[in-house]
Amino acid sequence: MTAAAAPSELPDTSSEVPTRPNRKALMIKTVLCVVGAVVLIQMPLLMDRSTTQRLTQVLAIAVAVLGLNLLTGFNGQISVGHSAFMGIGAYATAIMMARHESPFILTMMVAMVVAFAVGVVVGLPALRIRGVYLALVTLALAAMFPQLVVRFSGLTGGSTGITLEDTQQVTTPQPVNDLFKSLTGSRLLDNQYRYYLALVVAVVCFVLVRNLVKSRVGRALIAIRDNETPAEVLGVNVGAYKVATFGVSAMLAAIGGSLFVMNADQAVPSEFGIQVSIELLTAVVVGGVATFVGPAVGALALVYVSDLFPKEHPEYAPVLFGLTLIVLMIISPGGIVGLAKQGWARLVRSRSA
Amino acid sequence: MKSRRGLTRLLAVGLVGALAAVGCANKQDTGGSSGGGGTGGTAAGGGSAFAVGTDKCNDPAKATAALSGNEIKFGSSFPQSGVLAAFADIYKGWDASFKAQNASGGLNGKQLVAITKDDGYQPEKTKTNVQEMIDKDNVFALMGVVGTPNNLAIRGSLNKDCVPDLFAATGSQLMGNPGKYPWVIGSLPSYATEGAVFASYLKQNKPNAKVGILRQNDDFGEGYLDAFKQGIEGTGITIVGTETYEATVTDVASQVTKLNGTGADTLLLAVTTLTCPNAIKSVAEKQGWNPLVYVSATCASKTLMGLAGDSGKGVITGIYLKQPADPQWANDPAMQKYKSTLAAAGITDQKEVDNTIIAFGYTIGDLLIQTLQKSPNLSRQAVMQTAYNLKGLTPGLVLPGITVNTSGSSDPYPIEQLQIGSWNGDFFVPQGEMISYEGKTSTLVDQTKGQN
Amino acid sequence: MLWVENLTGGYGPVQVVQGLSFEVAAGEVVVILGANGSGKTTTLRTISGMIHGRGTVTFDGTSLLGKRPDQIVRMGIAHVPQGRGTITDLTVEENLRLGAYVRADREVEEDIEQWCAVFPRLGERRDQPAGSMSGGEQQMLAIARALMSKPKLLLLDEPSLGLAPLVTREVFEKLESINRETGAAVLVVEQNAGLALGISSRGYVLETGQIVAQGSSEELSTDEAVRQAYLGY
Amino acid sequence: MMVTALLAEEVSALTNFLQYTFLGLQKGAVYATIALALVIIFRVSGILNFAQGEMATFSTFITWAIWGDGRVPIWAALALSLVVSFALGASIERLVIRPVSKKAAGNPLPIVIATIGLYLAFSALAPAIWGTDAKRFPTLFGEGSLSLAGASISYQTLGTLAVLAVVVGLLFVLFQKTKIGLAMRGVASNAESASLVGVSVGSVLMLGWALSSAMGCMAGALTANVGLNGALMIAPLIYAFAAATLGGFDSPAGAVVGGLIVGLVAEYSADYLAEVPFTTITFIGEQLRIFPAFLLILVVLLVRPQGLFGKPQVTRV
């Protein structure tokens, strides 16, 4: 399943390159996809568990960023409140798993439904409130979420949060373990299982979003982003689309939150504050706005950015991160994917020449 | 910044180490005498030792294997960047004690090594850091990991890895649950102990106190409240008002205004960081109101009390460490050793030497070394078991009369004795006797709280 | 005075103007005729530094290319953009005052009085937000504001756009008298050839970014192609 | 007897009300100052400066460093720091914002991210340079307070309100009475037309950032007497965003009114709503102090999407 799905996620690095498709480019793409899929699948088997855990974290964040990218990148609505939707997903999962021993997938579905509903409600003002004002309404949501968690500490565990006990955590189901053992001869460790679970969820989300954006609906979203009035004239129900996009986007963020808790075994309010909203937005742009690979690249950058800076003076790491962001925006407002596209275009041109 | 909400809580954790103490008198006290905390020391003595089992471990053999090679590696994760980086100073303290030990031949011929990683106070990051240190760096144990949620984040997987998480830098009462999480032990006097100690003090000195409480709206503030309520049960002491504030805010003027309206003659300020001086100043601004003010021990640093200026004079708190800046201890052997240890580690700046966070780090460093020395062998299981069966240690800069005793689930907290001190503008002057809750803290704590 | 040779310019990779050459002498009124999309606006915007161009553009012997709009204004070129560009949040008087932004002399107040006299409507509405006025009034204001900088050359981008015929006529009459009285040269781009040729001495015809005809205004008025394309008879 | 008791209760309720009002106004004045700084940049360039708060914190550290625990009089230190902050704001526009805007070609997101980059950099810079322990910062107006109907109003509160009045006055003079102020308003309304009459838009934007930065420095100095550390402006910035939204993001007057309203509403709601609506249940209380302020904003925006004082306009972001 992952092997089949992964390739369709990758080729888009090049989808907007203004060169005619040629055989060589197609071949490079196919090779890249196959390599990518193999790498994604082999990763946890080759790496130690802290790396596996970080990669699972990347997948969780990538899904949330994917959601924000759908809203901001494709539909033009800036949200600084997605940490709250991620938090809703996280807490739905944490509460259900810790208090009711619910299976993870069920908690994720509940998270999706709740977040979609909240997303629609939050999206409603978008019918009337635009631009910067809407962004700031979502900021309010982000500011309030951790406070609400603390306010209802009976349910949420307050500021200490909820930590899953060993017995409540997501572990490799026996049949899966048996199957894996018969195939490879070794046990599938819990963190490896979690990685694959996150990978499957992420790939499904990416594929669905990609199909959505490539469809008639997606064209409507983009039309609304580029200019609402003509879109309306063309018969697009702008309001319904905007609100629904908000809901779907919130839902994806909540899935990210669920995966986050599955990986961290813990939900703490401080990990779903404004700062996280800002990080998600950063990941959208750093990866590449309105691209399909962008969210994954952005999430990867977010999780691994601290490794890029010298360890001797960790107190200066955020300074360097900030400056890096600025320099990236000066070099390539299209983010890392934008940068890669430029390189790719050059490569294809030189190869096919 | 991600952890703004946790910031003050973290500061709380770290600054407990900033307890300033001056012993002008009362050196005759020992752990046994107390105003109401019961007799200390007995719980720790005798009986069967607490055992740390290895049957839940992924690799039990690894947990019981004696350490080979010529070094003992300790890993630690704490915030090293941003606003919270002040707590990196804890590490400076225990690392200095490591260096001194290494200079004198190490421990059983092995050199002590510290490996640290920055987690920015994000529990998720702490977890990854810790796994990395266990898997890649092959650390023997964890030491001085900072933060309540951060230690909660790792304790579950440590049950399977069976790697000790020693003397976690948090005063959360949640750290004392060895029945379920035997691989984690805290280090600071818990907030609950402090709340109970203040109740004891009032019973003796102000039996009809009308108490107003200002507390941070989280488990830190709650720890004080619950224990204090228990402590005043059946006494003439009444709580006339309780106000809360959010950890993200330092200005509590309106809460203080409300407490002023309740007619309280005593205030329990379960606050931390910048809220300490601000609350103290707000109280002083109210004309005609001069309540007895107790601040959290996390406020007891020269930096924070200094910010309160003259308003801070007469404010009391619970203390347990000798303050390096205090001339009282100039000739004290423990203090001299502290100063020479820091100097040997290259820490000579007076501000750093006087920094009570470093003094706290030094004290838990010494506590760790003594624990290792007491351990029958250097296996993870043996060391962890030793940590939960400590008897009569007086590590680092603890005040005379304080001894570290632990005894598994019945007494999981290393330090449970405090003395009330009154701020004179430079340091806290001890008042009365050492108040001991030795072996009693676990009775103040509802371990099911916050544990789902 | 203004010398344009082989000018190429446009937005991004699209070159709207492709190798234009023309000139405007001091005190002269010159018209550039062209249909929508022929490159008229791009030409003016390139001259006033709003977009980058290549080729040669000199004003009194100094090259304009690469200079910022505000620097070009200081050299004596005022540009009344298409759609008038009045600053709608400011009052009429503030618009005029801002028009004198580049001047350092003390006669700004007198000039404001003068232009309010020339355009009596502006005088009546001095303290009203410019956005509250009619299209014709805003066009007058835009011209007056441009003149407040005491330009040697006035660039006008389709002053007739969106105005009623009577109002348009009034605008052109004012332009003619301004040219006469201040001696400022005027370069106007227009679709309304009749009025524009009426006040100009020379003209150019622009199609898809290139000059396809030029001559005196009389010659152009009688040119068959021009008549069919721009005069409608 | 009972009457006196009732009367006493009323008096004390009034006293409390006044007390909360003063506290709300003081906080509101700080929010208003930061909101003004946000609005100035937004008006001239359409940019939401997420780094406003952290820049202000950094400026306050500079003030603190110059002050040097009394080595230099605080007002002199502040004056010097205002100049430094002014220059800092101008350089940020020139070195960061302008290149990014040029490249972004109308897309607001890269600029948003650039301001987030600034936010990250400044938030870490001050603690990295000067250490993470809280610093003592003097009150600009001295300790002490006046008594009014039993409530105390501190010199700091009075001074903060006075500073806000002076800032508003100076801005009024700048915008309404000076040529450069006229140019700034021109750029805010129609940058292209302003450039066509000879206004250097770049210089105006630089000036806008410089002014905002200086105002942040002022706001920081008004707040830092609670103790200065890297977290100084995190909460005030959120409230300032709320204030600017409420007032209308393109209206300086709105920022001031919005700031004061948000300050008061946050104060009153925490103190009154905690007990009023449901007898035993604390509903809003301290935890959700920010909630009523944002609820108010939502309601206002639904009625007037452009904020109280804002002009209806096309979408900018």
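Couple of notes before you dig in:
Each chain gets a letter, A, B, C and D, in the order it is written, and its residues are counted from 1.
The rule is simple: a contact is a pair of C-beta atoms (placed from the backbone, for glycine too) under 8 Å apart; a residue touches a chain by one contact, two chains touch by 3 or more.
As the structure is a computational prediction, the values presented were derived from the model and not from experiment.
The greater number of contacting C-beta pairs, out of the two interfaces A-D and B-D, is seen for A-D. Closest to the protein's overall CA centre, chain by chain, comes D.
Taking the mean of the C-alpha atoms as each chain's centre, chain A and chain C sit 52 Å apart. Here the spacing of chain A and chain D, counted between their Cα centres, is 33 Å.
With centres set at the average Cα position, the gap from chain B to chain D is 38 Å. Each chain gets a centre from the mean of its Cα atoms; for chain B and chain C, those two points are 77 Å apart. Shown for chain B are the residues in touch with two or more other chains, namely 1, 4, 81-82, 85, 217, 246. Counting partner chains per residue, chain D shows two or more touched chains at residues 123-124, 127-128, 285, 287. In chain A, 147, 150, 315-318 are the positions where the chain touches two or more neighbouring chains simultaneously. Chain pairs that touch one another, listed by label: A-B, A-D, B-D, C-D. Residues 72, 78, 125, 128-137, 139-140, 143-144, 147-148, 150-151, 228, 274, 278, 281-282, 284-286, 289, 313, 315-319, 321-326, 329-331, 333 of chain A are the ones that touch chain D when the two sit in their complex. Residues of chain B touching chain D in their complex: 1, 4, 7, 81-86, 217, 243-246, 248-251, 253-255, 257-258, 261, 273-274, 277-278, 285-287, 303-304, 306-307, 309. Residues 1-6, 9, 80-82, 85, 118, 121-124, 127-129, 131-132, 135-136, 148-149, 152-153, 155-157, 159-160, 172, 174, 217-220, 222, 246-247, 450-452 of chain B touch chain A in their complex. Residues 42, 48, 50, 96, 99-100, 103-105, 107-114, 116-125, 127-128, 238, 241-242, 244-245, 249, 285, 287-288, 290-291, 294, 297-298, 301-302, 305-307, 315-317 of chain D are the ones touching chain A in the complex. If you check the complex, the residues on chain C that touch chain D are 48, 50, 68-70, 73-74, 78-81, 85-90, 94, 97-99, 101-102, 145-146, 148-149.
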